[in-house]
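After this come two complexes, each holding chain A, first together with chain B and then together with chain C.
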Partner chain A sequence: MIVGGALLLGVTLAVLGGCLLLVLAVVAVRARRRSRQQRDQMLLSPLRGPLITVASGEDDDGSATEQLTWATGVTRTVLDRNIVELLTKIRGGPADQLVRVLEVHGAVEAATGDLRHRSSVRRARAAQLLGLARADHTVPQLVEALRDESVEVRNSAAYALGLIGDPSAAGPVLAAIGMPDRGLPAATAAEALQSMGVGISEVLREGMRDDNARTRVVAAHLSGERSFTRGLPELRHLLDHDADLTVRETAATAIGRLGRDEDAVVLARHTATDEPLSLRRACVQALGELGDGAAVPVLAALLDDPDPRLAELSASALLALGPVGRDALSGHEDEPAVRTARLVASLQKASA
Partner chain B sequence: MSWQGFVEGLRSFVVWVMDVTSVPIIVYFVLINSSLLLLIGLAYLEFRTQQRRRATAITWQGAGMAPGVSLLVPAYNEEAGIVTAVKSFLTLRYPRHEVVVIDDGSTDETFARLEEAFDLIQVPRELPREIPIRAKVLGVFVPRDGRANLVVVRKENSGKTEALNLGINAASEPLVAMLDGDSILEPDGLLHVTRPFADDPTRMVATGGAIRPVNGSRVVSGRIVRVEMPQTWLPRIQLVEYLRAFLLGRTGWSRLGGLILISGAFGLFRRDVVVEVGGLEPGTIGEDFELVMRIHKRMRDQGRDYRVEFVPEPVSWTEVPVTAKVLRNQRRRWHRGLWEVLWAYRGMLFRPKYGRIGWLALPYYWLFELIAPLLELFGILIVPLALLLGVVNVPFAILFLLLAYGYAVMVTLSAMVVDEWAFHKHDRWRAIWQTIAASVLENIGYRQATVWWRLEGWWASIRGRKHVWGVMTRTGFDEDTA
Partner chain C sequence: MSAPAGEPEASSVRVLVADDDADIRDLVEFKLTQAGYAVEAVPDGISAWEAFAANPPQLAVLDVMMPGLSGIDVLRKIRESDNPSVPVLLLSAKSRDSDVDTGFAVGADDYVIKPFSPRELLHRVNGMLARAR
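Our next item is the complex of A and B:
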């Protein structure tokens, strides 16, 4: 009993002590954050004027830029952090001047070294800085960082490669999506690849043959977004045969954007009732976007589909096809799908 | 029997009860506290990851891969705030979203307010019947300007679940977000919760965001302009509960891959998956919980590679009950829903194919969420009785109570540290002291009352009593303090 009581007392005191420590931790976290904010504001205040002058493109004689390069110690660190933040928002001459300040401060060189830092936050920030500074000589190191153990670093490396825009990095970025246990998030990869120009179409074709479904989605999506018609055979193959429904839907949408007349038949095939409803709808929308008259009979046949949304989408697609599509609507005027499509189209036209 | 004899008999009975139950209760106490410690540890790991992510965040405006979202807003007699809510939903920062309002047979001016504000015009649209609906659809309306991505569907009154199912049928985007009519979303909230879908488009099927009480905060045009503490203690204590539930519970479970509950106040789902599982179950009380369980079951039964993730960023703000009467009704409903869903999915317990859901999450919810109030009530009754009869050592009992409630406070304080570290939504120092005070006051009266209400809900379900939805009195948010 005495032992039990002592144990209970000990545990209770430990828990109450824990509570006290947590209260102190809450207070300390807030106090530290506030004091840092105040310190940063104080250090930055003499440089705020020149910083605004440079960022707003008004530093014609370069004196403000020069003034910024003089910062030293903690002030320099705080200033560099602010410059990096500004570089995410501005482009052109002012951005070049700010990058020059970073170079004079040695921040770009330090970032190259920081890509191997122990802290994943430092590695990620370093990668971002190199991208924002458009340090194209660091592309090989950034490509290597796509395989980093930390997803933040992989994300930042892809972001940086996108900013630099070197199409030679497209292959590694796309390949990084499907890396086992170290995959690059699809959205980041897609944004990076978006900025790499037209030289990436072959890489995207390759990506559409990848084993990883996420890689195929990104490659198919970008092929459509960038209108890379060379990828059409792969897109058709994905639509016809892929095991993943999301991949098929993405391929259908992409074909709608960049397909040729003969693709109306390909898309029409997948509006059949034995296909998943979401794919049928995607294909009907794609047929509308494709804008080819060959789609008219297929779309007209779908006006009676048991799925009212599919029927309405078909009617909207036919309306978008012009006179030939509108002619196909005759005989169906009383159907709700057609009346709705007409009404919505007229409202949109009136407000345009 | 003399009074003396009665007291002696009672004393012997209490001693016997305590002898029999002491070991199981201590084991339970150790287990529940250890599991909470584990959840705190997991949440800490998750927040370290989140903090790293935040420290290195890259602005994402949802370009390209962002899937379209249909925001489903069921509304029943919401004339006070529906227009403001819809306007704020329409102006969220997101590249492709529509708002689908389902007027569930409101008897007030809900529809008239919408019709006037958005110049609605009826369209002869037939809605898909992918999820069967019993209630009659009275009409589909869109804005005359043809630009605002708004659809209003009027139907006969048949309840929130069916309203949401109708909304799913009416939705045209690949993701559906289920909202309460009085929810306030963070301007970037949709960007946060859709990000996992954009990052993993083939596997992600559902995400949930953190919900915070809005009471006391200043809201203008459906946007929070200043976060403040609620003005009374009842909602303040609920704020503490929300912090604990979202910042420790759901974050920890998400880290563990065992998230089975996404709040009905804000959840985002793949539309085709919701349709595939048959939509929300009509007549269910915990329809949000039930839906997530059905998705898990379906995915695992079919051996599919899928993910359900929790996004700890505050996404949605909601008004919490300010009176004991409304709170009682809410807690009865929640616990009843918990029991009914856990019972319905008891077949998933300890089955290898359900993995962590069957082996960890469901047993945890059975043991530490469902049964906890029963054991707590036992403690609330037996400890005072034992003290009165002098069969327990008073210092020992006091120490034990201090330990039990001290531990509860410690769990809450852990959530506070996380909140301060990661989100720091409240500017004023006063908010910290009020939250700490609420975490202590929660244990004095509030906790015991909710134990009773939860058991009431459970008992009502076991006896098969029909559930009656209470009325949540909304104060509305317009241009003032909520």
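Our next item is the complex of A and C:
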């Protein structure tokens, strides 16, 4: 009994001691961070004026820029970090001037080297700096960083390539999605590709034939978003034949955005009851988006579908088709699907 | 940089700038001051509303995401105040169409997305004030 009580007391004290150590560690880390922030502010204080002058585009004679280039040692490191932060907030001439300061400080060259640093934090920061500095000569190194063992570095490299916007990097970014064990998150890749202009349409067509389903999803999605009509044959093929349901749904949505009138038949085919419900819903929405009157009979028939959401989407699609679609709703006005679709449409109109 | 020829005389015009990001707040204040505007810069939405209520400016530049009251909240209060027609420019990193739609729906006169060009911001401020006269 006594031994049990002593053991319980010992365990309790150990747990309390552990908690106390944890609290002390957190306080110490916070104090260190605050002291570093204060030191940084103090170091930066004499340069704050010139920095704001350059960042606001008011350094007409270049004297403030010159003052920033004189910084040395720790002050230069702190200033460069501040400049990188500012580059996420401003663009145009002032941003270009700040990049020139980074170049004079050797920060761009150092970041290129840091892409091979043993610390993944340093590698990720280096990639971010190169992107914000629009260092297009480092595209090959950033492409290589897409295969980095750290996902943060891969993300940062994709972000940088998006900022640089060189379409020659589109292929590697898209391919990085499907890399075994080191894949790039699809959303990151899509965001980077969005920034690469119209020169990536052929890469997206190629991507829709990739073995990896996530790569095909991103390629199909972006083809629709960017209205790349040259990808229509691939999109139709994906909708009809792909083994992955998400790919088929994404292709349907993209066809709705950029398809031709004849695509109404293609989409309507996949609203049949033997198709997966999520695909039928995607196709119904796409028919509304496509806007071809040939879809009216198919959509009108789906107003009685046992799935209430599909019936509601069909009513919404008919409303989107204009007078010809609205005519098809007569006689169904009291049905919940039609009432909901009308309510949603009026709310959308009110918030537009 | 002074207000371009043909723009309204800036010196007597008061502009309220609200942004919790000191970099943005300082550079917008500096840019507009250099153009001759009298700028009051504040770090949060509550201070922005208090400054507006105490002495309504001719124009307000509001960040959307601020502690306390957001720029959208402040804008809503301005539109319900005794000075509802003061032009308001929203400055925000929120760049989705729906974010911009919300800003205009609540009554913004303009919406600038970060990262932004300080020069473009000044042109927009000049234009809004010219239209308001």
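Going forward, the second predicted complex is superposed on the first by the 318 of 352 C-alpha atoms of A that agree within 3 Å, B and C clash if a C-alpha of one lies under 4 Å from a C-alpha of the other, contacts with A are read in each partner's own complex, and residues count from 1 in each chain.
Going forward, a residue touches a chain if its C-beta (ideal position, glycine included) is under 8 Å from a C-beta of that chain, and two chains touch if they have at least 3 such contacts.
Just so you know, these numbers come straight off a predicted model, no measurement behind them.
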Partner chain in contact with A:A55 - chain B first, chain C second, else both or neither: second
Partner chain(s) touched by A:C19 [first = chain B, second = chain C, both, neither]: first
Which of chain B and chain C A:R91 touches, first, second, both or neither: second
Larger contact residue set on chain A - chain B or chain C: B
First (chain B), second (chain C), both or neither touched by A:S168: neither
Set of chain A residues, in rising order, touched by both chain B and chain C: 88, 351
Parts of chain B lying in touch with chain A, wherever the complex brings them together: 52-53, 55-56, 58-60, 63-66, 121, 123-128, 130, 142, 144-147, 172, 174, 195, 198-203, 271-272, 393, 395-396, 399-400, 402-403, 406-407, 409-410, 413-414, 416-417, 420-421, 424, 429, 432, 436
Chain A to chain C touching residues, read off their complex: 48, 52-53, 55-58, 60, 85-95, 351-352
Complex contacts: residues of chain A adjacent to chain B: 1, 4-5, 8-9, 11-12, 15-16, 18-19, 22-23, 25-27, 29-30, 33, 88, 120-121, 124-125, 128, 150-153, 155-156, 159, 185-188, 190-191, 194, 213-214, 217-218, 221-222, 225, 244-247, 250, 276-278, 307-309, 311-312, 336-337, 339-340, 343-344, 347-351
Chain A-facing residues of chain C, complex: 1, 21, 23-24, 26-28, 30-31, 34, 101, 105, 114-120
